[in-house]
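Down below are the structures I want you to see.
In the two complexes that follow, chain A is the common piece, with chain B as its partner first and chain C second.
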Partner chain A sequence: MTLSTLSDWTGEVGTVTIGALKADGGTRSTTVTIGGERDLSFIGSPPTGHRPLIAFELCDDPSLWPAPVTKFLGDRASDPAEWARWAGQEYAPDLIRLFLTSTRRRGFSDFASVTTTVENVLQATGLPLIIEGSNDPELDSEVFRRIGEAGEGERLLIGTAEAARYRSIAASAMAYGHLVIAQSPIDINLAKQLNILLREIGLPHDRIVIDPYTGALGYGFEYSYSVMERIRYAALKGDEDLAMPMISSAIDSLTVKEVREADPSGIEKISVAWELYAMLPATIAGASIVCVRHPSTILPLRAGIDAFWPAPSGGGGA
Partner chain B sequence: MALKALDIYKLLPKKNCKECGEPTCLTFAMKLASGKVKPEDCPYLDEKAREILGASTRPPVQRVKVGVGERSFAIGEEIVQFRHEKTFFHEPGIMTAVSDRMDADTIQAIVADVRDHLLVRIGLDLRLNGIAIRSESGAPAAFAAAVEAVEAVADLPEVLLAEDPAVQEAGLAVCGNYRPLIHAATRDQYREMCALAVKYGCPLAIRAPTLDALADLSGLCTAAGAGHLVLDLTSPSLHETLNSAVAVRQHAITRTTPALGYPVFIDTRPSGLPDAALICGVLKFGSILVTDAISDESRKAFLVLRQNIYTDPQKPIQITPGIYRVGSPGPDAPVLLTVNFSLTYFTLQGYLEASGVDSFMLIVDTEGLSVLTSVAAGKLSETLVRDALKEFGVPDLVDHRKLIIPGYAAPLSGKIEDETGWKVLVGPRDAADIAEFLEKEWP
Partner chain C sequence: MPTVTFLPGFRKTEVKSGSTLLQAAQQAGIHMNVVCGGLGKCGKCTVYVKSGRYDFDCEKFGKFFSPEELDAGACLACQTSVLEDVRVLIPEESIVQEQKILIDVMGISTELNPAVWKYALTLSPPSLDDPSPDLTRLLWGIEKAGGPKEGDIYAPLEVIRRIPRVLRESGWKVTATVVLVPGGYRLIDIEKGDTSPACYGAAVDLGTTTVVVFIRNLIDGSIMGVASNYNRQISCGEDILSRVTFARKGGLKKLQSLAAESINAAITEAANKAGVDREHIYEVVVAGNTIMTHILMGIDPAYMIEEPYVPVVRRYLTAAAGRAGLEVGEDSGLFIFPAVSDFIGGDIIADILASGMAESEEISLLIDIGTNFEVVLGNRDWMFACAGAAGPALEGGEVLFGMRANAGAIEQISLDLETLTPAYRTIRHTKPKGLCGSGLIDLLAELLRACIIDRTGRINTAIDHERIRAGRQVPEFVVAWKEETGIGKDIVITENDVKALIMSKASILAACRTLMNQAGITRDEIAHIYFSGAFGNYISKENAIVIGLIPEVPVERITPIGNGAIEGANLVLLNRRKKKFLDEIARKIAYIELNAEPSFMDEYTGSCFLPHTDLSLFPTVEEMLGKCRMRRGVP
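So, the complex of A and B:
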């Protein structure tokens, strides 16, 4: 008798590869592959899928970024390319996630800056990139066209598609060979519906990453945790419309009251704790990419992931 | 396998005598099925039915109580693997470790901190639970002295970490009457440890190199009279701990291996990563988590994560309806309407505080539903808003008659205006945009 986990899963999470090397038409120095689980992600020796990865988030308009990070960064925050280069070199995240926050200012019209910023960041780092564009239907078409074009061949992961506005993003992904983040508001049925909509307009499942929306620790995180578990559960039970890898980012982590009101001497530690205690649990719930904004979170998060997924993992590793 | 309520009902006397405290036998059957009452609560149950029900309604993860008095706590009685399937019932107890190599002052400072630390969140008190005393010197006298030092400061639940039965007994001689958890019986000394557990009436943690060996040891210990067991799944590899914790929960709730139907113990020290080990323990079925002292920040995040994970997914935490102040609002301050779902309340409150605009929050009773859901379900209505304005005396608080409503409640704006006579301003859908909205729209 050997007691082990009792699993009767039949489904499998699909795999998604982000980034393209020179040989494949891109300029990335590495690519990453996520997904492939045939059980809960941390189960098995080795586990069945690829290990969870860490994306470091930055932006092109730091006035819309959490103060604990911009203070920590100093002048670097004014140049996304330098921000990306420095973070990649010093903290070794697996991916860089660039938010084009400038497009979210009222009256934004400097579309040429989208192209320049994406090109500069692509030049500054060899890591695979996630690019977050506008969130205004009036701007989406032009912003996503420019993101797609500037990154043509790089196999970017671009976001964020929602049920009410996904066409411009999907169109750009299909035209320029990119991947799409599909976000739904903490609801398994809406997540499934959006994946079906995307499939129906021609975006295959292996180019979608699910973002179930993640509330910050203490601010709805439990809903996100459970919806991720449910989405993963559905995929392992065989629902192919939910069998994509997931990305989780508790984007409000560094603006919650606990962090805002912390004593300045403890601000870095509480920032790290609030990101770590949401993102490491997200990996257990099934997220394949977890995102942080404070550089100091990367090291303890990496240590936690390494402890949960002893390297090298199965399915070919990261 | 667990019986369904109707199967249980067939075995009951069907007298509806109410002597068990339930209105009908059917209600009793339903509660029995979910483990909320015991077969013994029915005075007219025949012997055979009692036997059948006793075996099949015993919680798949046995209840174990640690400590005595106000801070004592129960663990076990869990019935699901995923919280969305129902809920997790008993939060893990976090036990801060001290060592018998520490001097008494150091020990007492740690114990006092555990005793006094309190984090109040969403109206609930979040606390650390107890003290774990490590035998590191190997000397019975030093261990007893450390236990005495702990006892001198507080009557908190304790874990006695001493595998040498002589050392363990020295500790029990000091605090054995207060239901400490004895840690740990192994294959080599389980007879002595079980005898101690029986003598003092204490729960007993057991440890073995594999799950098979653990199940065997569990059987040996119950046969030796120690019925309140806790399974130590600590490994230097958190991957191993996660995998064995999931296996234990699956074997327990499916009743595949009843010998593993006990709560789980995890010591965070061997992993060298206390934060990751605490996260592993709180998510994947730890019930007793021993940790050396951690930073204030980790402690706060841990307590909030534990609260999040152990919140019943079917009962959203609610805020008492009423008028709440952000800053020191005067008669010209904006009044913002929202629902009494705690998450909505705290999110809006957070962004209002960040905006620096003094304001009133009018919280109405939507039974804990979010804005979107309560509008769809008709729980948020113009009459509810009208009554709340009146009930909470809002017209006396402000000298204007303007009400800001959530963006998702926009379909109600006209009806609210008609019903209340107040001018309605439709606010943003996302609370994050409230500062910008107020700057633009509020004079």
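So, the complex of A and C:
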């Protein structure tokens, strides 16, 4: 028996394009488009919408980064531009996600460095960029203004807006033409509420990517999986305030006890396993962008996605 | 024994050395605010010891006071022991204040079928030819006067003992009183002469906070007198849980007698106003929540507050009023409303009766809001009910400038959407001291209309306006400037206050929505929303919908029924046939345990938004808010 649910849905996930080519006022060598799904993944019909993409995460202050990655990278970890260039060339992720971890240090005030770092990374890679700024309401306004300004025209995806602090990020995105990650703590209602708040201060839906928050395997991942499914259901049922593509990053994967206490000789293998087995299911649950930090995770994750979403050249069913 | 003198009234009382000032105050008949039940946690029972030796742990409880206050002798009455004669000043705010209590002289229309009859009889004295006993003679007289058959009337010993003297002293002209109780007819009184017009009953709403009494003439149904006062148990803890805790610590007897005292005081006041002799009150009908009625009947309420939350009794109760300590006719009947569960008590059954929803085919939603709320959905064929905690925010608790509905409380407020200047009305038209529930609901709706808060209640500090400021810890909006208030400081509402209010309203809306989902009912199918309780009478229906306290329905479908509990009690007092119906209602209700209902949490989170995450549930509110955003220049 084959189940076909395709015809039942009235809604679809909107599409979002990240990055801007020269012609569109940016400097990216490629852009990516996500979303467009008209069905649940793999329920009796071929996948619809754009294929899931892989974002490689890096940062500008490696002391706040998981040790398995910094050890693997060696000196590269001290220069985010080089980190981005090298990863893009060697591992071919679809996007680079830069965390401005320096802004999360106590007493941060070097706002000029935000501009420099963003500009340097933009120069070092032609991939579309996701930029994560501060997470302190006191700093947000200035940090996001700098990010927005430094990347003007590049159609960056910037994060992370939360219900408690979304105005500065949205303001920067609207002023400089960027997109926003809207994160809520594993709850469909809270996800929707934040999207409404953003809409009501003027950020259109096609510039929002939902981050439903992803717990590491065994640390809440199953809740995240379920919420992603529910968000997708809502979108397919026609709820426009939830009809945005999703980004998933099991950020804690490399800091869980099982990885921290792993035997040094097997650390790379176990790091990859923890990232891979969270991010591959996340694509099935409905995530359009999945994020990893260990470079070695990218290839097996790519192979997994290719296995589920054949014909990589076609960009899915879109 | 040391003497405690309470200022400013100079009330004196003698206590054992080591007694607390709270005990002394209770003994002196002063009802102090004790929100925590005397555990030293709430800081509401502040007093100032002016002279004399006392023991108070400043280290432990000093946090409630400033150094200046401590210098002035500030301490907590519940934590201060008396060592010798002391003079104590009780500030006004530590005394239970007179509150805006709802007394409705409601137009009840019901058949008059009371359970009490008085028969004025002229009996022939016994003789050698007619030697039948006194009691038989009396009961025959009743039967002849149209009353129940002689053999159907039970006569208790206490009454029989009085019969021979009353008959002879009155020259065989007496008035006999008969009541109908579950066991049948019962002779409860015999009086000299004709007292038949003096036939009264009392309807009582025994609330956790207040007691309301109606005295009714049972011959024509008219209202003789009305009175209300505080439930004196407040001195043993303000909320119901602290009362049960008090009962558990051996305080049941005390709580029982305080409940009876509170009812007695209200009955006395109402009787005095009406010129009614309390002895002529033959039936007392009490509607109250399950814990209150347990306590009044001296039944241990302890097992209701712990898993699996079992009341001792659910069916209606009857007893001789004297056995509960009520000072009416010794053998008068006492009728206690049945309950559905520990959380859905007789007060809610009374609400249902008063609303008429159990007799109608149309679907109604009944909401009783207090610190705890109860919601009932249904019609004459089916009913769902649930209960929960809304938190004290809607009653002004846990809100920085929240207060009960006392004099000086802002009860209505609106904002000029251009200048953001508030226009408000206070209770008794005095200078504002704070905001009560209805004012807070108005304010929340107005802040939303003015786009000062977003839908999660966050204050937009980017707005450049003198009334919107960063606050000490969280942003706040100035409702009234220092100069215009009665407390010498700015009255503000903080972002935390707004959040507390949103959480309170969310639990009520989520409860409504959970019942609606359970029954498969949409808001269009709700023909009536009944608000029970004082709260419902004073709040703005429109604003209750704007903030999403209740589902959106056309406002004309919303009816405040006032104090449904007292109304229901009145109905039963006047029409005994309603008593059976109460049990029917109670049986019909399916109780939904919200904690066991998985969708409730989802509904709750969805409701923690103004008015709700699913905007399509509030179409007209949405239209209105859209216009407001346009006007404020927000896209």
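Note that the second predicted complex is superposed on the first by the 298 of 318 C-alpha atoms of A that agree within 3 Å, B and C clash if a C-alpha of one lies under 4 Å from a C-alpha of the other, contacts with A are read in each partner's own complex, and residues count from 1 in each chain.
Here is the rule we go by: contacts are C-beta pairs under 8 Å (C-beta built on N, C-alpha and C of every residue); 3 or more make two chains touch, one makes a residue touch a chain.
These numbers come from a predicted model, not from an experiment.
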item	value
Clash or fit (per the criteria above) of chain B with chain C on chain A	fit
Partner chain(s) touched by A:N135 [first = chain B, second = chain C, both, neither]	neither
First, second, both or neither for A:D187, with chain B first and chain C second	second
Contacts of A:T27 with chain B and chain C, given as first, second, both or neither	neither
Which of chain B and chain C A:G266 touches, first, second, both or neither	first
Which superposed partner A:Y219 touches (first chain B, second chain C, both, neither)	first
First, second, both or neither for A:A164, with chain B first and chain C second	second
Touch count on chain A, higher of chain B and chain C	B
Which superposed partner A:T115 touches (first chain B, second chain C, both, neither)	neither
Partner chain in contact with A:I201 - chain B first, chain C second, else both or neither	second
Included angle at chain A between vectors to chain C and chain B, based on C-alpha centres and rounded to the nearest 10 degrees	70
Chain B and chain C, minimum CA distance [Å, superposed model]	6
Of chain B, residues touching chain A in the complex	82-84, 121, 210-212, 215, 237-239, 242-243, 246-247, 250-251, 254, 256-257, 260, 271, 273, 275-276, 279-280, 283-284, 295-298, 300-302, 304-305, 307-309, 311, 313, 343, 346-347, 350, 353-354, 432
Of chain A, residues touching chain B in the complex	1-6, 40, 42-45, 215, 217-223, 225-226, 229-230, 233, 252, 255-258, 260, 266, 269-270, 272-274, 276-278, 280-281, 284-285, 300, 303-304, 307-310
Contact set on chain A toward chain C in their complex	163-164, 167, 187-190, 192-193, 196-197, 200-202, 241
Touching residues (chain side chain C, partner chain A) in the complex	454-456, 458, 460, 462, 602, 605-606, 608-609, 613, 615, 629, 634-635
